[in-house]
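Consider the two complexes below, in which chain A is the common component and chain B and chain C are the respective partners.
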Partner chain A sequence: MIDNIIDQAWASMLASVLKKRGVSRVEIGDEIDLYIPQSRLLSLVESDPAIPGLLYSSAQESARRNAGIIVNKLGMPPDYFWKFEYWPKARAFTTLEKIVNRVFASIMSHAKEGNLKVTELNIEPLRINVTFDECVECAGITDSEYALCYYHAGTLSGILSGLIDRDLDGFETSCHACGGASCDFNIGDKTDKFIQAGYETYINPPAVGADLASRLEKSLNNIPVRAIGNMVDINYLQLAMANTLLSDPENAAINSFEAGSQLGRRLAPVLADFYGREGLQSVGDYYFQLGVFGVEMKGDKSRLKLVIKECAVSTGAVKALEMTSFLTGELQSLTSELTGTEMVLEESRFDGDNLLLAYVPAG
Partner chain B sequence: MYRLAKVRWFLEEKAKILILCSASNQPPVETAIHSAGYQVITAVSEEEALHKVKEDVPNVILMDVMITGLDGITLTRRLKEDDVTAAVPVVMITSGTDVENRLKALDAGVDDFLTSPVEEIEIRARLNSLLKVNAYNRQLLGYGKDIENEVARRTNELTRAFERIKIASLDTVYRLSRAAEYKDEDTGAHVERMSHYSSAIARAMGHDEEFVENILWAAPMHDIGKIGIPDNVLQKPGKLDAEEWDIMKQHTIIGGEILKDADTDFIRLAQEIALSHHEKWNGSGYPYGLKGNDIPLTGRIVALADVFDALTSERPYKQPFSLEKALAIIKEDSGSHFDPDVSEAFFSIENEIAKELNFWKFMSAEPDSPDSEIDLSNLFDD
Partner chain C sequence: MTHVRFLKIALPVIAVPALVILFLPERAMKVYVDVVGPLALVGCSFLAIWVSFNYRKQLKAAFVFLSVFLLIYALAIVLFLAFYPVLLPQLEARLEDPTIFSIVQSFQFVNYAMLLFFCINLLKVIDVTKLNRNGWITLGLTIIITLLVAIYPELDQYKNFTGLERSEIFILTMRLLDAALIIVLVPVIWMYVQHLKSRQRQSLTFTVIIFGIVWATLFDYLFQLVTTLFPRLLPEGSLLYTTIPEVLFIYGYLIIAVGLYTHRKQSEWGFNTIDRIMSGELAWAG
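The block that comes next holds the complex of A and B.
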């Protein structure tokens, strides 16, 4: 199920590059503020020290599978990278750079995920340096002590693994979030001791944290956090969220709900302050402004019913309640904080293209 | 010195003794071993003993089977047949008079006997001696493994070094081949494309990966002899006259000369290809007018791949033919120009070839040109 969502999201991003995809969200459009996927990934990473590794592995696995599918569909001969480890360095670099730029950099740039570039290659030991400029995962965050683009570290090593059909791993050597000019990754053989050591340190940071409240203020005030703008394709959000669920969908959905709930508590005062509106009005304004969904609220705080339209995490081919778990957790806290009554999720289901949620007072 | 240190280290570990005995007979032996400072693992059946041994290999196995009727002989045989447990000393407790069973046990691989009733001092002395044997055995096994690993590492290094030399020389020849193509067609991409078509056909014909790999690397050298053709012939914009055509045909012979007397398989294969890729199945080709199976298989495969790529590529004097038109020409010439079996293999992978054709267009197109927008609509088919 989650595999399918990931494959669909990859295919949809590719379709967008090829101009074969129409807009799936007629009212809101198919872009969202990058704060949304960013805050979700970071909240999860903060919630559990195992998440960086899980996120990396899931992203790597799905990127490798899809890179393989894409180059196969592209018609790349199966022996195109045959004996790559023995290729002359210059030829290896030119060929890899060309196909990465033409295919994968093009997909990622079109989705406004960032600008991918292969910058250096060494054949033995195999080390590929890539730069990911304008990175969606960390844009606008400047106060992190550690590099934190785990999803992209997994994705980029997965793409290169799928492309040359070798088991690669990678880690981030520079990250915009901790003062780097760009996010740079060093990728090499899984068995390479240097890569293993770099990966182990990278994936097990002592603590990761970012001030998501002040990061949110930048998005609410339309302050550009990167040169290519603050918006990103909704397929990226779907891919990122699906990858957080891939290893163990049921438990990951529960953790995701909890992480969403904690983020909601941190954000409620920011929203109330920014919109200056009573009660729940600011919730609808917030999600609509950042391109997450449009909402119609019914009932009162004895049973608050939300009809969510064009929801970014469950639109197009994606109809899975697991995908909405972070959002429903976040909404539970926001409704609780902004109504002054502790609310709990009572109902969550799809009604056609809409997502229906109902919250009732706890107990 | 190193070996002695290792043996000492083994002995200093708290040695594990597995005792196979009935529950009723367990305490005296177990107590004696415990008091000697060893770690005791007990099993009351042969299957349990085997299971525990696999889980955590002990240093000595002690079988008190005399009274219980447990089959210590079969168990010993199974332990000695397994590489993991073969070196673990097995001690059997028997009566002093049971010579027949002792002989059977020795035959099965039992290393020592204790006579019932067993004295604590005797157990300690015997175990101490057997633990030293076990430590030496383990050290020797480890030493053998170290040698095996070292040999594997060196072999791997040599293989890689050989591969590197092979690829480095291939790369040199590959570049020469591209140089010949540059002279002829403004692009070196032809050799890359046609060599991948060649390997795809070879694979479709069911050849092994070694053959497929060799043809992949040898095929690019098919036109290397063009280096020896004068520019006024090679680059003539119009049609060649008879004399010029005769000169042009010489590229196969020149290629064969350049590549002859090679020590390596793939260069010998490349020579075969250079000489034979313009031969035709019906005998009307050149340079020797070979016919049917007299033409080397590699030459027959490369002939088709070379023509297909020429048909589907842009040349100074022509636009690329459509895939359909190129396929129709290949089909029409099957049995005359091309080996029917090679054609059949080629058409069996028609879809793969069509995709590869798209890939080459995509890779060679300038960004934002129509060909850079490859048709990937089938990505969503499955």
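The block that comes next holds the complex of A and C.
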């Protein structure tokens, strides 16, 4: 199921570049503020030290599979990179750079994920240097001690693995979040000791943290955090969230709910301050302003029913409640904090394209 | 253009210059074969060098050795083996037969050395240990059949192996080397079939090149075997005994040429296809 959502999101991003995709959210549009996927990934990474590795592996696996599917759909012969290890350096670099640039950089740039570029390649040992400018994963974060674009490290090494049919790994050598001019990745063979060492250090950071409350203020105030704007295609959010669930959807959804709940508590005062409204009105305003969904609230604190329309994590044909777990956790805390009553999720289900949630007082 | 479309068009089309041989009068056929055969081989030799620029290490060496082999083969045909050889009459006027035979023999052995080096480099690149069970069975059958095909038509002559003359040993050695060549190359083709089924990547165009070499080597022997086993298949003294092997040779050379050209061009064609789909110039199947 989660695999299908990932494949659907990749296909939708390709279709968008080829101008074969219609608008899936008529009211809100198909873009979302990059704070949304960013805050979700960072919250999960903060909540569990195993998440960087899981996210990386899932992103790598799904990107590898989808790189193959995409180039196949585009008519690239399966033997295009046949015996890549025997290619002269110049040919290897030019050919790989052309394909990455024409296909995957186009997709990512069109989705406003960032600007991808292969900058250097060495054949023996295989080392591919990739630059990712305007990275959606870390834009606006400036106070991190460690590079934190785990989703993109996995995705980029997965794309290259899929293209040249080799088991690659990669790590980030420079990250915008740590003051780098761009996010740079070094990718090479999984068995390469240099790559292994770099990857192990990268994927096991002592602690990752970012001030997501002040980061939210930038988005709420429409302060640009990167040159290409603060918005990103909703498929990126779906890919990011689906990849956090891929390895074990059931347990990952529980963790995701908890991480969402913790973030909700941190954000509630910011929203109350920013919107200056009483009660739950600011919740609807927040999600609508950042392009997450439109909401119709019914009932009162004794049973609060939310009809969520055009929800960014469930726009495709394939829907999974696990995909909404972070959101439902976040909403649980926001409703609790803003109503002053501890609320719990009572019901969560899809009704056609809408997501129906019900929260009731705890106990 | 895609490499598959090009192969679908080119492989039937190149049958025409090969089949023409069957319809030409004897003298014209001989001149045609003497010209087209070496020309095709020289063309293949240049194409193989062109392809070698795409690779390094053993794969580059393999294509360079293939190129040298094809060039020496073309020279050997022009100088000694053609219907109207250029050098042979001159040598016959000046040298004894055994000396001429030694020169031709040396040429052939140098040529086979090149092919052997090609195969050695190829085996370093192609991981034959990945052959599946059916692949090993096919290889086993290939060894039996090719050795049979190489030796059987000549068996009557070689009943007394101790009394073989030098020229007979040379011919037998050549046939055994041809058999060895096929034994080495068949796993490459099998691996393509195997990988094709498992959706892994083996080069179609490279397999076409190898198939061309196998074709040019094997099918003449198969023809000999068939005509030995079924002597009444063709009328005695028929020109077809000469023309059919020539058709098979020329078609084999042209397969190699088409394979080499497509192998070199497929990267460019592949990217152009992607570029045209991405820019909306070509329809996307989705």
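Quick note on the criterion: the second predicted complex is superposed on the first by the 362 of 363 C-alpha atoms of A that agree within 3 Å, B and C clash if a C-alpha of one lies under 4 Å from a C-alpha of the other, contacts with A are read in each partner's own complex, and residues count from 1 in each chain.
Keep in mind that, in the parts below, a contact is a pair of C-beta atoms (placed from the backbone, for glycine too) under 8 Å apart; a residue touches a chain by one contact, two chains touch by 3 or more.
Quantities reported herein were computed from a predicted structural model and do not represent experimental measurements.
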**Message:** Should chain B and chain C be called a clash or a fit once both complexes are overlaid on chain A?
**Reply:** clash
**Request:** Give one of first, second, both or neither to describe whether A:Pro88 is in contact with chain B, with chain C, with both, or with none.
**Result:** both
**Request:** Classify the contacts of A:Tyr359 with the two partner chains as first (chain B alone), second (chain C alone), both, or neither.
**Result:** neither
**Message:** Quick one: is A:Phe257 in contact with chain B, with chain C, with both, or with neither? Answer first, second, both or neither.
**Reply:** neither
**Prompt:** Where does A:Ile69 make contact in the superposed view: on chain B (first), on chain C (second), on both, or on neither?
**Reply:** first
**Request:** Based on the superposed arrangement, let me know which partner A:Lys98 touches: chain B (first), chain C (second), both, or neither?
**Result:** both
**Request:** Would you sort A:Ala15 into first (chain B), second (chain C), both or neither based on which partner it touches?
**Result:** both
**Request:** Considering only the touch criterion stated at the top, classify A:Asp165 as touching first (chain B), second (chain C), both, or neither.
**Result:** second
**Request:** After superposing on chain A, check 4-12, 76-84 or 166-174 and name the one in chain C that bumps into chain B.
**Result:** 4-12
**Item:** chain A residues contacted in one complex by chain B, in the other by chain C
**Value:** 15, 18-20, 73-77, 79-80, 82-83, 86-88, 91, 98-99, 102
**Asked** Across the complex, what residues on chain C touch chain A?
**Response** 2-4, 53-60, 125, 199-206, 266-267, 270-271, 273-275, 277-278, 280, 282, 284-286
**Asked** Which residues of chain B touch chain A in the complex?
**Response** 163-164, 166-168, 171, 196, 199-200, 212-213, 216, 352, 354-360, 362-363, 367, 372-374, 376-380
**chain A to chain C touching residues, read off their complex** = 15, 17-20, 71, 73-83, 86-88, 91, 95, 98-99, 102-103, 106, 123, 165
**Asked** Within the complex, which stretch of chain A touches chain B?
**Response** 11, 14-15, 18-20, 69-70, 73-77, 79-80, 82-83, 86-88, 91, 98-99, 102
